[in-house]
Amino acid sequence: MNKVALFLLVISITLTCGKAGEDLTAEEILAMRDKNMVFDTAYSEIDMIITIGKRVVEKKLTSYTEGTEKSFIEFLSPARDRGTKMLKTGKVLKIYFPSAERVMRLSGHMLRQSMMGSDFSYEDLTETAEELRKEYNVKLLGEEVFAAAQCYVLELESKIENKTYFFIKIWVDKERYIGSKVEFYAKSGKLLKVLAVEDIKSFKNRYYPTKVTMEDKLRKNSKTEMIIKRIEFDILIPQGTFTERNLMRK
Amino acid sequence: MKKFIKLAWRNIWRNWRRTILTSLAVAFGMISIIFTYSYIEGVSESIYRTLIETELGHVKIVSREFLRLERVMPREQLVYNAQSIEDGISSLPGISTMTERIKFRLILSSEDENEPALGIGINPEQEKNLFDLRKYLIQGSYFQESPAEILIGDGLAKKLGVGLGDELLAVTSDINYSTYALTFTVTGIFKSGFTFMDKNFIYLSIEKAQEMLDCDGAAHEILLLLDDAGTAADISSEILTFLKESGLDDTLTAVPWQDNFFLTYMPLASVVMGSILLIIMLIAALVILNTMLMAVVERTHEIGVIKSMGMRNGGIVALILVEATYIGLLGVFIGGLIGSGLSILAQNTGLNFTRMMEKMEFEIAFFSPIIYPKFTFGILLGAAVFCLTTTLFAAIYPARKASRMEPVEALRTSMK
Amino acid sequence: MSIAKLENVHKVYHIGKVDFPALRGISFSIEEGEFLSIAGPSGSGKTTILNLLGCLDKPSKGKIFLDEKDITALPTAKLADVRRKNIGFVFQTFNLIPVLTAMENVEFPLILEGQHEAKERQRVTEDILTEVGLKDFLHRRPNEMSGGQQQRVAVARALVKKPKLVLADEPTANLDSVTGEEILQLMLELNQKTSTTFIFSTHDKMVMDFARRLIKLRDGKIESDQKVNKK
């Protein structure tokens, strides 16, 4: 799941503060955030809590991640979701549904659909930090205090016309180089989604956000929280994890 | 007036080309009005029928929330005890069919493509009394016994690259926000002519829809077909009373088809078209005004003579108005004949807009690409009255101008 | 008794900013059955007098009586009624209604009067057309007749409703002299037979010779007014 959060472009970690922040350019701030996100592998156990109006649905899942290109997710609960698995390799997402015993391959505009009923889209999960830096122009708007931390405020503008999020605004924590809040806008300037980091834990050699909340502003009274219950970095992932065969394994 | 009938009739033929031309202007107005209103009548009838068949029934029993958020289609807003409700209201007179539907968004996945679609879960036996999909099937057959059958619009089938017998994976989010998938076999492809429907709709059995949404025995809508569509409002209120008294479900409501917001816009269309026609008639009126004015000016001397014989001003006005009436009647006759003929012709052959609609970027949900105008005698009569009135109004100014000529001045004006 | 009377009648036309006095104090009286000619050079006021007597125009000053009633101040609609009942016109240019036949033209004043049955109307019309010698031309349109014939129709039209006064403005001006004389002869005969009063304007010596009374005008004033005795 750390990969999930990673792809969300939101979460960044830094081990050191490196040089003093005052004279950093926007590109450098973003690069520092991204550089510090890199790790070889990770395994995590996550609770996803979807709240729509008065209804609350809780889902449990596990995730394996390798680099920025590969991840494998399996849903454990509730009953109707159990056994649903997702394999991401590069820009392609494959989902296995146990009820149909079939794999669906998602790409292109279909990735904009809601992921498993949550406020995240599949696209939110598959986009990587490198793509972000390639496809957007970034500029530093200034500094602001967010959640009691001094932050850089970055604005990203898409170089491509038909990007789902044409503008992205990121608040990057000056201390830890974590994007603690992200706002996603359409080209019209309409606010589409807001992501906020609500909890950051310190691990052996890094900080990592362990609770993030996404709000899809197009859905009324809706939010999705992702809580990382357990995360292990740089573990040995079993051979064959990122294969279609693993996806279809009963 | 009687006095001038002969004189007026002969007067209009003094310059027969002008008279014919003027009456053709009236005729043109006549044709436009008749055709336009026949067209509007045809369109609205088609829209009403389609809406009733595909969306509204004559009466729809549905949760208030589902109705309010119709475009979002909140899948959890269900009619849970559909069977008890149907049993309860089956004693009401005038209900000919009751059928349940489930409507939900889903993703369809073929070997190569994924497409979002609108799934309609139906009870095939009852459904065909309301909306008979069989008449639109271009391939395959209507539901037989096998549960995993799916009927798909031809546009959607094309997008997905599937044909008869192919498998489709359908994925949706159920009422508890779990993601659920089933595989279906395409057993029929329909082409209704409604572009939106053909590009987005699939039909499946209500049992399979319930399985996908995880809502056994429930439906989003119960649609009623009545013996007499006019009784929809009465039956709706009886159903409301029943729902209240039985205490089955107080989140539900019963809606007669006339309440649909789309239908309330239909009169607006008439108004818009009406204003265009008003412009056409204004032009016709200007032609008439011009013609009559020319006729009056040309006959200045003669009008002087008639006045010298003791005709009062009112008589002159009447004479000119009778002449205008002749021209108007002539135009109404010609235009009525051509306009009715054209409308009846179009009514029988239909106007095909398929090509135009295919090029359109947006899709109008219930606008059939083949329009059959509907001609009525009411339209003919209305057009005739309107055109004659316009003609008379246009002739008032020339008539008054003629009547106000001083006879001495008029006589002094030399003859041509 | 006097059938028409003018008392010190003035008429001024306003042409642009210039006032043009057409009549300057005209007074005379006409008895029933007269055959009167108003003569004078053009611009002397002949037509103006006929228009005033014919209730087509109103004087600037002075009074006009028809049948001993003062019509000077009557409103337009009433003047139309007077014309319809009491006055027949014969014009220089005949002025028949081109779309109507001889018969229909003559019938028209009767239709306007609206007091006759259709059959009665047709009988009266046929009679008078026979009288003016057009028995065989009843259904001809004006453009199918000669000038003389047209003017005969016009005379018949003026007389058909048996008016008190027939006003003829230069009735022969558009006819050759032989035909002109025939028309005058016809009018004179009708005058004697029906004792209808005729007033006609002219500047033609031959026409003046037909008159039983001759009023000569010059510059809007009466130059002379004399009875002419003939056998």
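So that you can tell them apart, the chains are marked A, B and C in the order they are listed, and the count of residues begins at 1 in each.
Please note the rule applied: a contact is a pair of C-beta atoms (placed from the backbone, for glycine too) under 8 Å apart; a residue touches a chain by one contact, two chains touch by 3 or more.
Quick caveat: nothing in here was measured; it's all calculated off a predicted structure.
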item: Chain contact topology (line, ring, star, complete or other); value: line
item: Longest centre-to-centre distance from subunit C, chain (CA-based); value: A
item: Separation of mean Cα positions, subunit C and subunit A [Å, integer]; value: 110
item: Distance from the mean Cα position of subunit B to that of subunit A, given in whole angstrom; value: 50
item: Subunit B and subunit C, separation of their C-alpha mean positions in angstrom; value: 68
item: Complex contacts: residues of subunit C adjacent to subunit B; value: 51, 54, 56-57, 76-77, 80-85, 87, 89, 91, 93, 95, 97-100, 104, 108-109, 111-112, 114, 157
item: Residue ranges of subunit B in contact with subunit A within the complex; value: 76, 107, 109, 114, 116, 169, 171, 173-174, 176-183, 214
item: Sites on subunit B touched by subunit C in the complex; value: 3, 6-7, 10-11, 13-14, 301-302, 305-313, 315, 406-408, 411, 414-415
item: Residue ranges of subunit A in contact with subunit B within the complex; value: 50, 52, 55, 57, 78-81, 84, 95, 97, 99-102, 104-106, 110, 113-114, 116-118
